[in-house]
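Chains here go by letter, A, B, C, D, E and F, matching the order in which they are written, and residues are numbered from 1 within each.
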Amino acid sequence: MFIVPVDADISLELLEEQHEGELFALVDANRDYLRQWLPWLDQNTEVEHTRSFIRSALERFAARDGFTCGLRHKGALAGVVGLHRVDWPSRRSSLGYWLAEPHQGKGLMTRACAGLLDCAFGEMGLNRVELHCAVENRRSCAIPERLGFTREGVLRSHEWLYDHFVDMVAYAMLAGDWSRLGSGGPG
Amino acid sequence: MFIVPVDADISLELLEEQHEGELFALVDANRDYLRQWLPWLDQNTEVEHTRSFIRSALERFAARDGFTCGLRHKGALAGVVGLHRVDWPSRRSSLGYWLAEPHQGKGLMTRACAGLLDCAFGEMGLNRVELHCAVENRRSCAIPERLGFTREGVLRSHEWLYDHFVDMVAYAMLAGDWSRLGSGGPG
Amino acid sequence: MFIVPVDADISLELLEEQHEGELFALVDANRDYLRQWLPWLDQNTEVEHTRSFIRSALERFAARDGFTCGLRHKGALAGVVGLHRVDWPSRRSSLGYWLAEPHQGKGLMTRACAGLLDCAFGEMGLNRVELHCAVENRRSCAIPERLGFTREGVLRSHEWLYDHFVDMVAYAMLAGDWSRLGSGGPG
Amino acid sequence: MFIVPVDADISLELLEEQHEGELFALVDANRDYLRQWLPWLDQNTEVEHTRSFIRSALERFAARDGFTCGLRHKGALAGVVGLHRVDWPSRRSSLGYWLAEPHQGKGLMTRACAGLLDCAFGEMGLNRVELHCAVENRRSCAIPERLGFTREGVLRSHEWLYDHFVDMVAYAMLAGDWSRLGSGGPG
Amino acid sequence: MFIVPVDADISLELLEEQHEGELFALVDANRDYLRQWLPWLDQNTEVEHTRSFIRSALERFAARDGFTCGLRHKGALAGVVGLHRVDWPSRRSSLGYWLAEPHQGKGLMTRACAGLLDCAFGEMGLNRVELHCAVENRRSCAIPERLGFTREGVLRSHEWLYDHFVDMVAYAMLAGDWSRLGSGGPG
Amino acid sequence: MFIVPVDADISLELLEEQHEGELFALVDANRDYLRQWLPWLDQNTEVEHTRSFIRSALERFAARDGFTCGLRHKGALAGVVGLHRVDWPSRRSSLGYWLAEPHQGKGLMTRACAGLLDCAFGEMGLNRVELHCAVENRRSCAIPERLGFTREGVLRSHEWLYDHFVDMVAYAMLAGDWSRLGSGGPG
């Protein structure tokens, strides 16, 4: 219902409870695919789990601590993207996303993230947006690299993924970088 | 940031804390005008009051109990419109709005309400939207009448306005009426 | 334990947890009868549900947002009556009640409501008490009519009752009316 | 509004916010007298303090953790009496009270406590009611002694009273004692 | 992790969630023994109950309302000891403890309580520490008597123990007594 | 009161409200020194601010989300050290500290951190402890380097310090590293 329009085909829609069925169905249909890099699949096995996730995301939004959106492509829900935890004194937040398998390969998430960064550095006035991708998740790493994020280091054993620890690349974009790159990314 | 696009010029933007300065300035510049029919002007005399209003509106949104938007016309904040308290078992809510004086007379709020009703009866699945206008506030009453609301009665002494009670007309629109009228109102 | 004495036979007793068994038994024995006009019977099927109802009613009482009483006739619990949601700035609230079938036809609820209105317009200082009855619930409508409430309109499809929407008559009594009618109702 | 009727002249009225002015005035007019044995006079110097006291007492009532009443004699507020903290597993609570100076010497509090004990051992089903009086507060000690409480010991330095510690007599009444004494006390 | 060192062999360790397994195992292995004098054994039958107990104890600690420690003897968890509910205006609290059967008879709890009293009257600045032991629980009563507590009275039917009420001896230690006895108890 | 003993001279004491005066005095005496690298000095100008800091630290401790200790050297409070925000699924947390100027240069904080890491990787079972130091704060950077932390990258403009952004070095220690280095650090 409430959207950030990104371009003719893509919008970021604030997730509300009425989306719980649609979102759970997307997760459920991509369970094996998402399980490769996301740690929460075994905690999301019923639509009630998706409802709790949406509720707590809205509570964080109301507390001015980020937001969680559905990525819609031509009306269809394709994935989730958001900012988690905002450090207002240092005007810094952290970006996260996932895209369902059938929607891969079209640059949707790159365009969605560019739209989100316009909001983050524009209306929200943030100075720094961080992003952590698993070192071996080449698809996910390609997004910040295409957008011009700086690779700042590798965080060893940063996330537990079912049965092993994963090293994460720490990327970051600064407001000044984004504005130099020109709104909408490096094209 | 998060909007319901209504038409080429108008959108409904979910109010967030970053709008507090803009909204307070609008209230402050229209204080005498708004005071004629709105009871809360003397409780909103500093930007902190506007911040509290926005916060509690976002908390209600997160609790699935309505939402509060700024009406933007060509980018400028012109007024506020929202749904307050949703009775989900009976799928019923209550509409409220105000428009600053310089934005009057262009049909902005009528178009905004039509957009909001499309959401209410569409995505939200409500069955009934109520609206109370002071009997003598002809400008405000004109909006539901133009949109095709039914006048269901007059609620005597319903609201305290600084130094006297005001009678309110009770209007309501049902989902079936709205769909018969055609989305976007009676034209 | 804590009562508003109404007359020699009737009192309004603030519901506390120790009444849960007695209240649930009354609901359970009148389930089919109450189901005709009350929407919550299928959500009250165990004594724990009655306990939750009493707890949340007491929390609203502590928050100065109305109260919920048992109607006692010669010591026996006969029904429930209360004020829900108080709008203190406009000094307005809403009356609700139900009476078990075996206690019908003796004017008990009319006398109980008269006692409650004495409190509402007296000690509480309210200016307006509203009451909604289903259009076709003649028994319930007879009470506000006997007490001298004004019929202000009909609210279409106002309440969902298991499988259909119900139209409600909107009644209201103002403090000035009540005092003109003479305490205790129109007799 | 909500009372426990004790006898023709005395009732215990659950304190609500509308009593704040009346209660604060009583405290204020008896400040020096009450300060002899009550430790909270310097924390109750404005009507807002009385309001907070009433609110938190109602919250405890809603949480089933006791109640706080005004003692009314022929309609006038004469003092405060209540049960504080209920240990439900052991069915035990603690009685407390104070009476304004002009109402002393008529046995009002003794009768009020007898009424309260009838509720405590009757409807509430408690097994033990405790009462602590300062050893040298003869007037206060006379009440449990007249009512037939057992003196169980002396608690040394139990309460801080502005500039010194006070020893308290620990009294207790058991349900069995009260029923043997006959409802209404030994009188 | 966080301890009050008492002597070479004994320390009091603030209970945290990581101790839940160890604590539940100790309770479970001493269930029949502890059931003689403690009322909560039937509410602690799974490790989740122990976790809830630890959580609520930590919340009270964070609210400055006492603390709950494990008694460790040569590293092994032997029992629990703590202060419950602190009345800061009167600088008074209440001591409670239990020791598993295999650890009885070595004076461990007496030494632990002496260490705890040093903290209570020293760093915490309390003036009075109370202790209630069942009259017939000779082992438990021996501890305050050995430490020099004063026996102030007997509280009849003070605690419900599964199927009967128990009389409790009320003991108390004042800061002045403790300092006269010499830190570490009467030796 | 509750400590982690580190060595003969140093302990980590869980901060409680009774330490507010001592802690505020230490901050106040080192205000200019601490202001070089810590961003919160202007939000801590009265002892009430220190009290709020301690309270919220204890609430996080009770919620199992880290802890905050005073570093005591021969009984004197010398600084603060703690773990902030624990990610339990990934068993990861973040270390933070400051030391007052007169206590610098003796290796106190290095020893304190070694003790804390023993707890973190031992009893708490963490797998990764992160630490961020401003690039130009050589004194602070020396500590993780002496302890054997790995330097994983530089986070640009990570923290707002009154009037400019500061770049931070990201250090991390893994459980496996710590155990290979030998408990107590690289010596």
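Rule of thumb we're sticking to: a residue touches a chain if its C-beta (ideal position, glycine included) is under 8 Å from a C-beta of that chain, and two chains touch if they have at least 3 such contacts.
As the structure is a prediction and not an experimental result, all values here were calculated from the model.
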item	value
Minimum number of chain-to-chain touching steps separating chain C from chain F	3
Option in A-B, E-F or A-F whose residue-number contact pairs overlap B-C by over half	A-F
Whole-Å separation of chain centres (CA-atom averages), chain B against chain E	59
Inter-centroid spacing, chain E versus chain A (mean Cα positions, whole Å)	50
Computed distance of Cα centres, chain D from chain C, in Å	32
Multi-chain contact sites of chain F, meaning residues that touch two or more partners	none
Chain contact topology (line, ring, star, complete or other)	ring
Circular arrangement of chains, read from chain A onward through chain F	A, F, E, D, C, B
Contact footprint of chain E on chain D as seen in their complex	39, 89-92, 127-128, 130, 150, 152-160, 165, 170, 172, 174
Residues on chain E engaged by chain F in the complex (per definition of touch)	1-5, 14, 16-18, 55, 58-59, 61-62, 64, 67, 119, 123-125
